[in-house]
Every structure is written in structure tokens, then in C-alpha cells.
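Both complexes shown next keep chain A, but they swap its partner, so chain B is in the first and chain C is in the second.
Here is the complex of A and B:
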């Protein structure tokens, strides 16, 4: 048993209101720079939809992730020898148009334009070329655009549905969508790390954050192709690739990452997970329908004395283990089985988990009257407007069981709390609903509390980072890094540096 | 009694006269020797670029230079032409401008050697003669087969005996092939029009141009090689009576351009074939299909 620590995350989609505050917070802190204008380390997508970059989930085009044709997992982008042949021309990359051409407006024209017959306007200009552009797409171009024949209809996940289901989904009265905020998953077996020819990408041993060393990166852009989530980006100004750093300078000082910190819906949870690094290859090699379970299996119980002993042997601090015991991520993922990885079939073992959304209450208009009445108070999840097959395709590699369990559990808890607070539910029905998902009343109460009433300290249980110990492990001279903080750039991030 | 010069006096006069005669003989002999040395030095060091009395070449004709300039100026200039130029000497600046881009290299000559060259120039100027190098003659008469031999040496198919570099490394000449020869030095098609026969032979014997002197300084051409290369240049002149005689301009075969463009298109086509399955954008295709 090789116990390691991972800073893991849970996004509770039932609470996401799609306000993009997280994206703006991240943009302001990290990517408001030349060459990074088009990057959204954090973005929020409308589902069904094609997302950012367009149709990123379609690996038949983008060639990201791992595949296991014939056993040994290998990168979908090709064997090492093939990648070397393509090193000067990587053929499987999103074009700028697939992200979008970043733009701003020529605001000064509003003030400086010569007097004329018409009102002056602020023309959009490209932030790459500084020339006027015709805006064709943006990073959330299909925001709230469920039913769009261009974007929503081309969601790769709709393949899981029957033609009838698809037709219903685009029926004007049944249109439905939810939001999917995405950041780097800081995967356990990250494709970007495996694909990098320069060895510039690494997973921090102490907390599992995946980083690109800006001094070693040579801009081959193999990571851009390899990452199935398209969360590594090429900076055309510095000539190097960049990605989400999980705000590690904030984490190291005990603060939640900027996108977590700013989340108005309080949908984000962050905490430590212990996992068994010896079982990574095993967990990523199982058939698709077992992937979610296999990934849960390799996450270890921080209360288990054996695990704790092995963790201490690996240099994980006692106080870090205490933080892991209180980790909301461990509860959502392992104990309650509510949170699921996004696209487990990419086999990167992502460490960002999503609680699938209990979709909006069933409603219809009847002769122009909006009708939300139902025989039962909450419409049963089987009748949800968004088919469960769709959610299964997103969150459990096509296996419906984990998604159904997560939805039914949330549903049972709603019934339970309705019974407690309003008292108009039949206790027998509630008991049966809870029993069906194997949830005790105490657990239901806990889930309710962590979902609806969590404090900042409940949501973000950041293990103490022990930077001083980490630096001692790296450097013989313990005083070498005293007084330093942050990125540690020794030169300005410019092209050719 | 006749009035005469006292014997002692007359004998003294004779002695003086004799001494003057001897001195004069010594001086003139020394002068003649100096002129001869100057002839030889001029042939090996200067003649590649300078004439005396038969016009400008790479550098100016030096006839009468000893009367136009002072001795000190000449010494200083010959020792370090570039220095004279950079010091802003007006005459030097004008000369450099006139013969640009050719720059006279600094000469490793002793003051005595410079004097002997100047003496020779004064001598020729006074006699109004033209400098003809004594040694600038072919060792034998040219026969037609020599042209072929010249080609062998020019293109490097035959090695130069003393290890010199084949001409094609730096020079081109009409008929050398489609891709031409080197372009560092001038095209040699019209070299026998630019230089008269003894001049060209002298250059072959002693190439004193800045670049060539370093390349051939210790790798002189032998007599047989000179004959054959001379035959080649002569035949080039005969075959192309009106070749371009501007230094450094090489005429390009138009086929060269065509082949270049064709090869580039071929390489691009191959690259396109090798990467035919590359990702050509996703969003545009979605929009195109949805809005058709």
C-alpha cells in the first residue's frame, strides 16, 4: 500500500446557478495576461451543450485521454514513437476558433470619434491581432441555450439517448438544462503528464496538484491534445503551456482557491483524500461500467489504522490525516456515494467529483397556464426531463446504477426533510425511500446539513501544507527558500525565456 | 712656365672625380637593384589589383603616384589602408568610395620594400613605360585538350596538386551546370575580358585578393594547372563574347527557379498527405452543418 494525499474537490451541481462568478474570479487572478486571454482555467458550461472548447468531450476528434485496446492503457493520441514524429506538428489540436478568438471593445472611440451624423460605437477588436473582428463565438456562447440546433444538438453525450429521448429533449415545452462548472481535475493518472516530451508537467507529491514547470516547458503542446478535458492551454505570448494550479499559493496559506472562495451558490467543496498509488493502473484498466467503483475502491479510509500507519510511513503528517478525516470530499465520494467523476471513461482518474443534479421540478404548460402540479409533491426521478442515460454518460461512463443511486438518495433526503420540517409526508413512504438507498436518518441529516447549511470551514477542509517540510525534502539547504513565496519565477514569462 | 694647376691639386680633383664616379656608380647600381626588387615585389603583391600605366583594375593605376602623393603618406597608406580610411584621411576616403566594395588589405611590407616599389614606380613613370610582369607567362603553349583539363580543376574532379580549393567552391562559370557554382566570388565567365592575359596569368600565379590570398597563400597553383585553367577562361571568353563582367553577379538559370518552386510544392503536398487526418477545426464544421 502506497498511501498518498490528494487535494480533491466536489461540485454540487444541484446548487449551481450558472452565474460564472468562479470563472471571473479565476480570470482576474490568473489569466488576465497577454497570451492567456482565451484561457478559462475555470469555465461553466450549459448542458446539454458542446462546452468549451467546442465539443471537447468528442475524443474521436480531439484524441484525449487513455484507451485500453488490448489491455495496457495507452494514450489515445498515439504511441510514443508516433508522438515523436509529430513533435513539430501536432495534428490533433483545437484551433483558436474552437476555443474562441478573445476580444475587447474599442471603448476610446466612444469619446474620441469625430463628430458625425451617427452615434459612435465601440467596435469589437481581437485581443490577439488588435484588429476589428466579427465575433463568431465565445467561451460560453451556448450559455443557457438549451435546444440550440448548433450547440445543444451536437452535445456528444446525446449519443447515449434513443432518438425518441432526443426528440423529447428538444421539445419546446420540455427543454431542460443544467450547469457544469469545470476546472482541471488534477487527475491521479493525468494524460498531460504522460504526454509531455519535456518532462515539464508533474504531480506534486505532497498534495497531488498537477503543475507545468514554466522553465522546462518547451511548448510542444502534447498536453493540449492529451488532456481529454482540454484544461491545459497554450500561451501564444510566452510560448509555453499553462493550466489551473488549484491556486496552490492560496492553499499553502490555508485559503480556498479563488473559484471556490467566490462561489455564490456554495456548490464547491475541497478536502484531502488518501489513495493507494499502487492501484492506479488496476483502477484505470477495468471495463467502463466498473470505473466509478474501481476509483472509489482505491480511495482509502482515513480512519483505518492500517491506512494511517502506511500514510505516516510515507511522510504524511498526523495533522494532515486529521484533516482527511473531516474531508467533505471523502464523505460525498466514498461514504455517501453521491459524488461521481466526470467522464470516468477517459480513465485519467479525475479528482474533481460532481453531485449529479436533481433536475428542475417537472412542469408543463397546459393551454398557456404553467402547471407544476403532480400527484406527488416532487416528481419522481424516473420522470425527470433529462434522461438518466444522459447523466450516466457524463458521470459514470454509461453505467446508470451509480447515477440512479445518487439521485434517489438526494430525492429521499428531500422527502425526509419535508417530513421533518413541514410534516405533510407519509413517514412510511419516507422510510421506504431512505431504506431503498440504504441511508439512515442520521446520515440523511448529515447530508442535508453539509449540502444546505455548510459553513466555510465545513466546505473547505484544507490540510496543513507543511511547506517547510516539503522544502526540506527538496533542498539540502533549509534556508535557501526562506522568505520566498508564490510562483518563484526568476525571469519574466516571455517567449523564448 | 705654364700656369697650371698644381699637381697636388689636380690629383686631388681626379681623386674626387673618381670618388664621385664610384659613389654615383654605387648609388645607381643600388637604384637599379632596388628597381628590380620593386618589380618582383609589385608582381607578387600588387599586380592583382593595380596596374602601372595601363588603367584601373580592382584598385587605381599607380602611374605617377609618387609625384601625386608624399612619400610619408604612401608609406602610411600602404601599411594600413583601413586605418587611413578610418582616420578620415580625405584622399583615402575618396579612394575607398571610388573602388567600393573592394578594400585594400593591410600589407606586410618593410619600409625598405615599400621604398623599392616606389622607386620602381618612379622609374617607370619617368621612362613613361607600362609595367609588364616578367614572370606572367604560361610555361607552355595552350593545346585544345587543356580546356577539358581546366574544367577538371575548376569543378574539383581533379585535385589541385598543392591542396588548393577547387574554384567551384566560390566561383561560377557559364556551363558549370544548372545550379551554378559558388557565389562567394565573382562569376568567372568574363574574367578574361576583365583582365588582360598577363594580368590573369599573374592572378593565377599569385592571387592577391583579400579572400583568395588566404586560401591560396600556401597552396599555389602549379604551372600545368595555370595553363589548363587559363585555357578554360580563354575558351569561356571565346564562347561568350558578351558575358556580364560585373563582379559578384551570377546569372541564374531560370530552370533553377522552376525546380525550386516545384520541389516546394511537392514537399507541401507530401506534408499534407502525411497529416491528412489532422484536426481541421470543430466548431466551424458544426455551425456549417447546422445552418445548411
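Here is the complex of A and C:
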């Protein structure tokens, strides 16, 4: 057993209101620079939809993720001996137009325009060429199902549905959507790391954050292709790739990352997970329908004395273990089985988990028409507007069972709380609903509390993995590492000639 | 006089610049070492420029290096006419490939608005020097036949004399203008090399072929922690995710972004 610590995340999709505050917080802190304007390390997309970059989930186009084909795991973009031949031109490299061309407006025209009969306008100007452009796409072009015949209808996940289901999904009376906020998953088996020819991308041993060393990156762009979530970005100005750094300078000082901290819906949870690094290959190699379970399996119980002993041997200290015991992520993912990895079939073992949304599922329909006059309070999840196959395709590699369990459990908890607070539920029905998902009343209460009433400290349990402390724990000579940790550049990040 | 300047002083100055600045830049401004790829901004035309260019020029360059390293063997090889023709045709073909590539790259650089936005003066200089070099090379191959042989008997002795610090211009003095210009331009290329994006050829990531897929970097000295552990570890080197191979050791934190 090789126990390691991972800073992991849970996003509770039922709570996301799609306000994009998280994206803006991140943009303001990290990517408001030349060459990075188009990057959204945090983005929020509408599902069904094609997302950002357009149709990123379609790996027949983008070639991201791992493939097993029954044998040794291999990058989908091809074996590396052949891949080096693509160094002069990467055939599977996404282009700027797959994202969008960043633009601003010529605001000064509003002030300088001569007096006339028409209102002056601020024309859009490309931030690459500084020339006027005709805006064709943006980072969030299909927000709230806008342009759904073009965007939502082309969502690659709709493949999981029958033609009838698809058609129903876009019936105007039944339209349904939810939000999917995305950041880098800080994967255990990251494709970006595996694809980087320069060895510039690495996982930090102590906390599992995946970073790109800006000085070693040579702009070979393989990571951009390899990451199935399209969360490494090529900075077209500096000629280096960049990605989400999980705000590690904030984490190191005990603060939640900017997107977490600013989240209006309070949907985000962050905490430590202990996992067994010896089981990574095993967990990434199982058939699709077992991926969710295999990934859960390799997450270790921080209360288990054997795990604790092994963790201590690996240099993980007591205080970190304590934090892991309180980790909301551990609860959602392992204990309660409510949170699921996004597209486990990419096999990168992502460390960001999602609680699938119940809200669109709960809505009722009567002969295709939304109906709120039913006697039953909530219609059963099987009659959902959003077919479960769709959610399964997103959150459990096509296996409906884990998604169904997560939804049924949330459903049962609603009934339970309804019974407690309003008192118009039949206790027997509630009992049965809870029993069906193997959830005790105490657990239901806990889930309810952490879902609906969590404080900041409940949501973010940041282990004391801060580098300063880690360094003091490890090195006798503290000053030896002075000036070496943290975000920043030893030299100005100017483009080479 | 001019010959001394062009073929003795310039070469030494160029080589010194190339070595000193390249190393200094690597150590002090390592960030600027990048392919500076513009594929993200424009991909289709790049294919018809970058691929023929790189393949063509690499083969031609390799030919020059072989001729320099083992001139006698090349002469012996060329002793049989059929072999000489094959060698020369191959060289010419790859030279033409490089020419097609560089011309496409130049056209692309000046016709695409996005690419112009990321074009520096040095890029223009580099493209011009390379264009001139390839044109002179192809011209020589076409009009001064059997260069693979006379390169071994005239240019190589001169280049070697530079190496041994006893520059001797005798062998190249009678060479035609085009060839002499080709040599001169090569030294100009060397001189601009460290100031341009050309340095990316020094950081070609060959080690990717054998390194483990996953890379984990520990902040402290991992070996020390593991060393203190009561249970001996099978490997003393630090640990990674064993996806296919295993294990890379690195203990220093790195500046990142």
C-alpha cells in the first residue's frame, strides 16, 4: 500500500445556479493576460450542450484520454514513439476556433464619434490581431440552451439516448437543462502529464496538484490534445501551455481556491482523500461499467488504523490525517456514494466529483406537458425529464446503477426532510425509500446538513499540507528551500524571439 | 581581405556567440526556450510548411554532418557512379522539400493576420536567412554537380582547419560565388541562432521515449522520508504512478504556473 494524499473536490450540481461567478473570479486572478484571454481554467457549461471548447467530449475528434483496448494502457492520441513524429504538426491539436477568438470593444469610439443622427457603437476588436472581428463564438455561447438546435442537439452524450428520447428532450414543453462547472480534475492518472514530451507537467507529491513548469515547457502542445477534459491551454503569446493550478498559493495559506471561495451557490467542497497509488493501474484498466467502483475502491478509509500507519510511514502527518477524517469529499464520494467522477471512461481517474442533479430529474410530466398539479409531491425519478442514460453517460461511464443510487438517495432524503419539517409524508413510505438506498436516518440528516447548511469550514477542509510547513517537517535546513516554492516566475514571462 | 573577414573572423565570432549566448540564455532566460508554435492560431497551412521544411532540412543537414565527419568514406561511396547519382538525387529532393516548406512558411506568416500578430523581427530575419541558404544550396546542387564529392575535398578541409584553429582558405578560394555565399550565410545563421527561436532545436525532447508516463515531484527529499520509514521500500528512487514504467526522482520544488 502506497498511501498518498490528494486534494480532491466535489461539485454539488443541484446547487449550481449557473452564475459564472467562479469563472470570473478565476479569470481575474489568473488568466487576464495576453495569450491567456481565451482560457477559462474554470468554465460553466449548460448541459445538454457542446461546451467549451466546442464538443470537447467527442474524443473521436479530439483524441484525449486513455485507451486500454484490452492491453497495456495507452494514450488515445497514439503510441508515443509515433507521436514524436507529430512534433512538427500535431494533427489532433484543437485550434483557437474550437474555443473562440477573444475580443474586446473599441470603447473610445463611444466618446470620440462625431455628432450625428446615429448612436455610436463600440465595435468588437480581436485581441489577437487587434482588427475588427465578426464574433462567431464565445466561451459560453450555448448558455441556458441558447441556439440549442446547433449546440445542445450536438451534445456528444446524446448518443446514449434513443431517437425518441432525444426528440422528447427537445420538446419545448419538456426542455430541461442543468449547469456543469468544470475545472482541471487534478487526475491521478493524468493524460497531460503522460503526454508531455518535455516532462514539464508533474503532479505534486504532497497534495496531488498537477502543474506545468513554465520554464521546462517548450510548447510541443501534446498536453492540449491529451487532456480529455481540454483543461490544458496553449498560451499563443508566450508559447507555453498553462492550466489550472488549484490556486495552490491560496491553499498553502489555508484559503480555498478563488472559484470555490466565490461560488455563489456554495456548491463546491474541497478536502483531502487518501488513496493507494499502487492500485492506479488496476483501477484505470477495468471495463467501463466498473470504473466508478474501482476508483472508489482505491480511495482509502482515513479511520482505518492500517491505512493510518501506512500513511504515517509515507510522510503524511497526523494533522493531515485528521483533516482527511473530516473531508467532505470523502463523505460524498466514498461514504455516501453520492458524488461521481465526470466521464470516468477517459480513465484519467479525475479527482473532481459531481453530485448528479436531481432538480431536472424531479420535474413531472403528464403526456409530455409539465405538470405541477399531481397529488404526489415528487414524481419518481424514473419518470424524469432528463433520461438517466444521459446522466450515466456523463457521470458513470454509461453504467446507470451508480447514478440511480445517487439520485434515489437524494430523493429519499427529500422525502425524509419533508416528513420532518412539513409532516405530510407517510413515515412508512419514507422509511422504505431510505431503506431502498441503504441510508439511515442519521446519515440522511448528515447529508442534508452538509448539502443545505454547510459553513465555509464544513465545505473546505484544507489539510495542513502547506508547503512552508511541509518543508519545515522535512528539512532541517529551512532556508535551503527559501524562494523556491510558490507561484511566480524567476524571470519575466516574455515571449522568446 | 574580405575573405579573411568572412571566412576566418566571422566563423569564430559566430561560433563564440552561438555557444556563449545559447548557454547564458538557457541558464538565465530559460523561459524563452520554446518552439513558439503558432499551430493554435493557424493549423492547415502550417502542415504544408512545417512538415516538408523540417523533414527536408533535417535530412540535408544530416548529409552535411556526415560529409564533414567521414569525407573519405563518402568519396569511396561516390566511387561507383550509380551510388553517386542516388546520393545526389536524394540530397536534391530533400533540398527541394525544404524549399517548398520554407516558402510555404513565409507565405503563411505574411498572409495570415493571426500569425502576423505573433511575428517578431527576428522571425523575419530567420526566415530570410533560411530561405537564402536553401536557395543557394539547391542552386549549387543543380548547377555545380557532384557536390557530395567536392564538398568532401574542398569545404571539409576548410571547416576542419577552422576546428583545429589553423584556418586555411586555400581550398575554398576557387569555389564559385554561390557556394561561397552559402558558406558565409551558414555563419550568419550561426550568429543569429542564439537570439532567435531556432534554439528550440536544442531542447528536442528525446527522453520522452523512455521516461515513465507519470511524473511526481516531491517538495522535500522523498528518499529521506522513506529512508526513515521502518519498512524498507523495494526501490530507493522516488515513486510515481507506475502506469507503464515507473519512478522519476526529483526533490526540488520548481517554479510553476
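Simple rule for what comes next: the second predicted complex is superposed on the first by the 462 of 497 C-alpha atoms of A that agree within 3 Å, B and C clash if a C-alpha of one lies under 4 Å from a C-alpha of the other, contacts with A are read in each partner's own complex, and residues count from 1 in each chain.
Everything that follows uses one rule, which is that a residue touches a chain if its C-beta (ideal position, glycine included) is under 8 Å from a C-beta of that chain, and two chains touch if they have at least 3 such contacts.
Small disclaimer: the values here were computed from a predicted structure and weren't measured.
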Worksheet item: chain B versus chain C on the shared chain A, clash or fit?
Response: clash
Worksheet entry | First (chain B), second (chain C), both or neither touched by A:2 | second
Discussion item. On the A-aligned overlay, A:130 touches which partner chain: chain B = first, chain C = second, or both, or neither?
Written reply: second
Worksheet item: Is A:189 touching the first partner chain B, the second partner chain C, both, or neither of them?
Response: second
Worksheet item: Between chain B (first) and chain C (second), which, if any, makes contact with A:215: first, second, both or neither?
Response: second
Worksheet item: In the superposed arrangement, which partner chain does A:175 touch: chain B (first), chain C (second), both, or neither?
Response: neither
Practice prompt. Kindly classify A:122 by the partners it touches after superposition: chain B alone (first), chain C alone (second), both, or neither?
Written response: neither
Worksheet entry | Winner by number of chain A residues touched, once chain B and chain C are compared | C
Worksheet item: Touching A:53, do we find chain B (first), chain C (second), both, or neither?
Response: first
Item to complete: With the two complexes superposed on chain A, say which partner A:280 touches: chain B (first), chain C (second), both, or neither.
Response: second
Practice prompt. Once the structures are superposed on A, label A:197 by its partner contacts, choosing first (chain B), second (chain C), both or neither.
Written response: second
Item to complete: Across the two complexes, find the residues of chain A that touch chain B and also touch chain C.
Response: 89, 91, 93-95
Item to complete: Mind listing the chain C positions that touch chain A in their complex?
Response: 28-43, 46-47, 50-51, 53-55, 113-114, 116-118, 120, 122-123, 195-197, 199-200, 203-205, 207-209, 211, 213-222, 224-226, 229-231, 238-239, 241-244, 248, 250, 252-257
Worksheet item: Inside the complex, what are the residues of chain A that reach chain B?
Response: 50, 53-55, 58, 61-63, 86, 89, 91-95, 97-98, 136-137, 149-151, 153-154
Response to the item:
Touching chain A in the complex, chain B uses residues 271, 275, 277-284, 286-287, 290-291
Worksheet item: Can you list the chain A residues touching chain C in their complex?
Response: 2, 72-73, 80-81, 84, 87-91, 93-96, 128-131, 188-190, 193-194, 196-199, 201-206, 211-221, 224, 234, 236-240, 242, 245, 277-278, 280-281, 284, 313-315, 467, 470-471, 473-475, 481, 484-497
